[in-house]
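The structure under discussion appears below in the form of structure tokens.
All chains are identified by letter, namely A, B, C, D, E and F, in their written order; residue positions are counted from 1 within each chain.
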Amino acid sequence: MPERHEGVTRAFIKNQITGFGYEIVEDNEGGNPLLLPMSEMAGKMAVLLGSNFLQTSHGGKGVMLGSMTGIPPTEVTILGAGSVGNASAHVAIGLGCNVTILNRSISKLKKLESELGGRLDTLYLSSDNIINSIQKSDLVVNTIDQMGNKDTHLITRGMLKSMKKGSVIVDVANDENGTIETSRPTTHDDPIYTVDDIIHCAIPNIPGIAPQTATMALTEATLPYILKIANQGFKEAVLNDTGLRKGLCFFEGNLLHKKAAENYGLDYTTFSELFK
Amino acid sequence: MPERHEGVTRAFIKNQITGFGYEIVEDNEGGNPLLLPMSEMAGKMAVLLGSNFLQTSHGGKGVMLGSMTGIPPTEVTILGAGSVGNASAHVAIGLGCNVTILNRSISKLKKLESELGGRLDTLYLSSDNIINSIQKSDLVVNTIDQMGNKDTHLITRGMLKSMKKGSVIVDVANDENGTIETSRPTTHDDPIYTVDDIIHCAIPNIPGIAPQTATMALTEATLPYILKIANQGFKEAVLNDTGLRKGLCFFEGNLLHKKAAENYGLDYTTFSELFK
Amino acid sequence: MPERHEGVTRAFIKNQITGFGYEIVEDNEGGNPLLLPMSEMAGKMAVLLGSNFLQTSHGGKGVMLGSMTGIPPTEVTILGAGSVGNASAHVAIGLGCNVTILNRSISKLKKLESELGGRLDTLYLSSDNIINSIQKSDLVVNTIDQMGNKDTHLITRGMLKSMKKGSVIVDVANDENGTIETSRPTTHDDPIYTVDDIIHCAIPNIPGIAPQTATMALTEATLPYILKIANQGFKEAVLNDTGLRKGLCFFEGNLLHKKAAENYGLDYTTFSELFK
Amino acid sequence: MPERHEGVTRAFIKNQITGFGYEIVEDNEGGNPLLLPMSEMAGKMAVLLGSNFLQTSHGGKGVMLGSMTGIPPTEVTILGAGSVGNASAHVAIGLGCNVTILNRSISKLKKLESELGGRLDTLYLSSDNIINSIQKSDLVVNTIDQMGNKDTHLITRGMLKSMKKGSVIVDVANDENGTIETSRPTTHDDPIYTVDDIIHCAIPNIPGIAPQTATMALTEATLPYILKIANQGFKEAVLNDTGLRKGLCFFEGNLLHKKAAENYGLDYTTFSELFK
Amino acid sequence: MPERHEGVTRAFIKNQITGFGYEIVEDNEGGNPLLLPMSEMAGKMAVLLGSNFLQTSHGGKGVMLGSMTGIPPTEVTILGAGSVGNASAHVAIGLGCNVTILNRSISKLKKLESELGGRLDTLYLSSDNIINSIQKSDLVVNTIDQMGNKDTHLITRGMLKSMKKGSVIVDVANDENGTIETSRPTTHDDPIYTVDDIIHCAIPNIPGIAPQTATMALTEATLPYILKIANQGFKEAVLNDTGLRKGLCFFEGNLLHKKAAENYGLDYTTFSELFK
Amino acid sequence: MPERHEGVTRAFIKNQITGFGYEIVEDNEGGNPLLLPMSEMAGKMAVLLGSNFLQTSHGGKGVMLGSMTGIPPTEVTILGAGSVGNASAHVAIGLGCNVTILNRSISKLKKLESELGGRLDTLYLSSDNIINSIQKSDLVVNTIDQMGNKDTHLITRGMLKSMKKGSVIVDVANDENGTIETSRPTTHDDPIYTVDDIIHCAIPNIPGIAPQTATMALTEATLPYILKIANQGFKEAVLNDTGLRKGLCFFEGNLLHKKAAENYGLDYTTFSELFK
């Protein structure tokens, strides 16, 4: 994300780097194939992390995430039904939790319902529905990034008071002071902090603790592009694959990322200027 | 149930009737094969009846039992996890409801969980759990008969106030003033009444409105016994099949049902006195 | 549907109303998001209604819709595999029925098979397949609207004779004398009539008996558009959202619906004339 | 089965053989653990064999057992819901067939329904139900052995005429002129014959064509008994394990199988006479 | 496929035939609706054929394809996750096998995982993954056609040595000396041959042994096009349906298939030249 | 377990304690209802613990337990299919792992297969099968207690060398130097140690880190017994409930546990001596 990292951007230009933004490359359906594997891993591991922080050995209140016959099940709320939220839902249901997932797109919720055989509750992402869902939850997983919009927290500090003491929020989106007013980045070494008796975890790069899996999954996604560039040559590859071309941020010292250029007052070059 | 029907009992004796109590006959596993089909039908139809009474066309509050993507699901509480409750659970889950079932036997709950792939919530049948469950429910199905114990209502009149207005209780057990303090029998013609804004339905013979299905299911269950009596003769049949023998209440004017004899001050005859 | 309601259309123009046709608004995938919730509710409730009319308490032949171990299952035929038919299929299978669904699009049938794990029979919508399927069915749900084509009934009066006496047809499409030759509208108060021993039900607005659920589901679908208009202003909203624009039938007394204009001899205005 | 093989029985006695009847050994639940693996294999392979004989390459009518979207599914009838029938049902459903299974025990049918998630039709084993089921079937698998009762064929020759031409009967029970009037043993080399246009297959030892799987499965079942005898010694083993003892047919030339002794006029010795 | 059959192509032109290539006609989603049914049948039947060739009665090593409690399950590898591979996966899982499917498109694999509830292993189609998967497999189904690329066999002759003796390869793609180096066409009469102890089967037209099913499935797919041509006339039909038009290879003696024209040095006519 | 704790046993006698052994109390089916909840929790949490130790943040090799499309799935081996192993299997499958479970009872394996819809591999518990299974596994969960039999380790130190470096063994049975030769108790504070590159975890009381869940689950199981004793009085309760009576180890200073008496040279009193 060159638009967020000025130093790196300037260094890339100075050193005449050619580089792609993994998270911008698109496939034919408009998805982001190089982003997807890490999204899925983060979503799955968020639930496993949450299960840890509910145990006393990690400072939690002593709840086993999952279900036991005859006692009230653990409840999980997931904000967002994209690839991260979808992955979280699969794991939470696999563990036997009651899962509520909230999203503004009914069609995404419907698709997820169909995949999971109706085993989860879906809710339109409204403030009322969020409040009702989080106050009964043991674990809240946030996957929504408000993209810098700090005005409309989906979970305000005030709402924390209605939640059960010792419940856990895992903020996969790492949207500091965004979706969750009280969210701020943590680290793998010091993963959690507590606000108003609610445990918060907002590790930026969750898949980093499973590097073997992450490497295999990411390699598998990038390999087809590497083969394409190797086989066709760089120019042909980016000319033939419009999705790959979208990810081209730097070419031999030229900056092709408009927003980054604007943000840092740098020169912006279009693709067609370079590859006529 | 001869112990509840003095007139019929005396008439049977006077007319030297030989008769079995369907609900007492046992199979090899201690189950009641002649009771089972009607129990299952009652359990399934209770949920369908409940769905009616939630619709405005039947005077309800206008809720569709089931689920719609993005809105809170309908909730169903089932008291008891015997054959009736089990059948209710299958249908309610089939309709897409969130189902909570309460029972005192954890192993029965576990069996049901396994059958339904973990798609329902199970709770130990305690007062706290009942209160928590019914207050969020749209439909409560009671399948527990307190057997004349009128002291310990599982749902008292006071609890109705915590329930959602316009929600429905279907009392399949027809346990008047028993499990549910406010329950009293209704009829197919006049199936419901309302107490404290809660709709009650306690039709005694629910399968009666699906006589074709009921007849086929009951016939199928009784046929093996009829064939046994036809092929072996009456005496051999009851001597060879101890489960069938348990159901024998009257034999040529003799009363073999101890509790009925005690209740009405009648002579009691043991099986072995008759069939030496 | 302005093209079917001349009086309302003229009144809208006279009073300079700005109005959208809910059933014409499109989402990005070409679906009708404002039509969908009511379609799904109608499809689900059609099966519940059908279950009623099979019971003797509603004048039916006394069959419980669903299954009982050891007796032949109840059979349901669904004409059409769009959102209504899909919803009917889910509920009918949830109740334990054997379901056959007919459609001309094999890919729609395939999608439904995948969603339901192969638990239903799918058939190409041909006359032979219809005849074979309805003659073994207890319940037929029609979801196909022939759109005024009265020549080619999919179920003719003659075919009724091959059906089982006392079986039920619920015509969700309300296609009078269309898909089903013998279909004519009924009402919630007087929901059924009988032709050749087959019970017919063709209530036009089925979700109307569950207004609470219907309101929540419809509000959830319309809210994003209302927010869009409120936030962006009317003009921007319809300019930016081509799907919303498609639904604009009236704008300050101008008629933008071509077919309605033709039907009633009214002036027709194009969108681009109004919003240059 | 010593009672069916006089020559072998006499030879065992003469040679002072000690031998168990695999099919008589019982486990704690009264099951036959040494019979079970072959029963299951036979049940599974019967459906695979049936799929062959429906193909033209094996002389059949050219039907693919399974399902194709949009065309009527293939139908399979299974007589008997013991371990063989249960195994056949799993495979036939796995292939996508519509399966009807008939049995006299409702509780066995119920158990199977629960295992298979309601994906099959269950019917009480009556003559009417058999006739209705086989006439729509492409494949009939018989698993019921009438045990020499030749009077009451479940499928008579007359019934074949109502079946579809070219459909297949696989008689796993190999009950010659028993359950199926027209059944007689066939061989792996010459597996089928045709009566009234219905293909019959009644290979006695179906698992014989998958000896590797059969050996592993059978070894696994017998190993615990072999270890028991090896570790405890023969006498202790049969004294301690009443189920194993039931299978003891020959002990050092003594015949412990009552029915065989009666059938062939041989001396019968009780277990307690030998192991006092 | 005119580009592979010169004689037929010339004969069509000479006789002024108008003809469509079934496998080229496209539907709105870019799929090949006339190719799909045979693809699915071939995929399903490939697994059934494979099960045969694992039995000793067909010369195999004596393994039952499927699973038996307590012994290692049979393993199936499927190369390709298109409609053929997808169909093979459904049947192999239905039989109880452990299935690994390999493809280069992660999104196709993900879709299949979702359909099958996570019951199969998916692998990126790389040489390492192929080697690891086939060496533990009992059955390998190939569905990938390298389209004449003979240089890069996915399974080389050398790899056969790492496979289990007596395991079976069914090459549905019939890609002689292509995907599988050792593959060459076989026939229904002589369906298999053995290379390095691995049984090969590469029958070109697998659905041909189930002609009844094949005819029904294919007819159902072609019928809508036939009706369209019948109702609209030939010219209108091909003008209105761009997918149908793509399949038009011959029109009254003109050749509209570019590659065939190039291959055989024939005149090529464009659609627009003919239908102005 | 009084037979393992001499000090506690003597103290109980000295202080005239009346006490039950939770793990010995039996229900009607011979199960141990007071042991069951903790067994299930331990089994479920063992898999969650294992997932931690595979992450680098806990010193593991960096693998995410579960599955990612297109890369080889993680493999889990579970030794033992009792309530602990069963619970582990459910969670591991819920996470998307490939699971192999080994047991000597085929009927237990069959029951589990049926519960999990055939989604796991079952193997007879033999040395060969153990070796084959653990060498491909990322996580091994042991639930088998050899009960002091130190001669026959199921996993010897030598076998560790064939396992993948960095894989994890969680020994729920805490069978030091028993089932797993290299197993020795660890603690929640210091949960793991490494032998030959294999991470070992053998925390004795796993549910202790989820005390809230554990307390609810255990209370629910004990409550019926407490109510029974409270309502009936102590003597009546133990006389009426033979399963409860089996758990009575101490009564007012008398020791009713035979093995403990033998182990420590203490007086043994029978139940009937105390409650005549």
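Note that contacts are C-beta pairs under 8 Å (C-beta built on N, C-alpha and C of every residue); 3 or more make two chains touch, one makes a residue touch a chain.
Since the model is a prediction, treat every value here as computed from it, not as a measurement.
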item	value
Neighbouring chains common to chain A and chain F, by label	B, E
Reference chain B; chain at largest CA-centroid distance	E
Length of the line joining the C-alpha centres of chain A and chain B, rounded to whole Å	50
Centre distance in Å when chain B and chain E are each reduced to the mean of their C-alpha atoms	55
Rounded Å distance between chain D and chain E, as computed from the means of their C-alpha atoms	37
Distance from the mean Cα position of chain F to that of chain B, given in whole angstrom	38
For chain F, residues that touch 2 or more chains besides their own	69-71, 96, 106, 117, 124, 220
Chain-level touch network, classified as line, ring, star, complete or other	other
All chain pairs that touch each other	A-B, A-C, A-E, A-F, B-C, B-D, B-F, C-D, C-E, D-E, D-F, E-F
Contact footprint of chain E on chain A as seen in their complex	27, 29, 31, 33, 36, 115, 117, 220-221, 223-224
Touching residues on chain E, where the partner in the complex is chain F	67, 69-73, 96, 98, 106, 109-110, 113, 118-119, 121-124, 129, 132
Residues of chain B that touch chain F when the two form their complex	104, 106-107, 114, 117, 124, 126
Chain E partner contacts - residues on chain D that touch it in the complex	37, 40-41, 44-45, 48, 51-52, 54-57, 61-66, 68-71, 90-91, 93-96, 188, 207-214, 216-217, 220
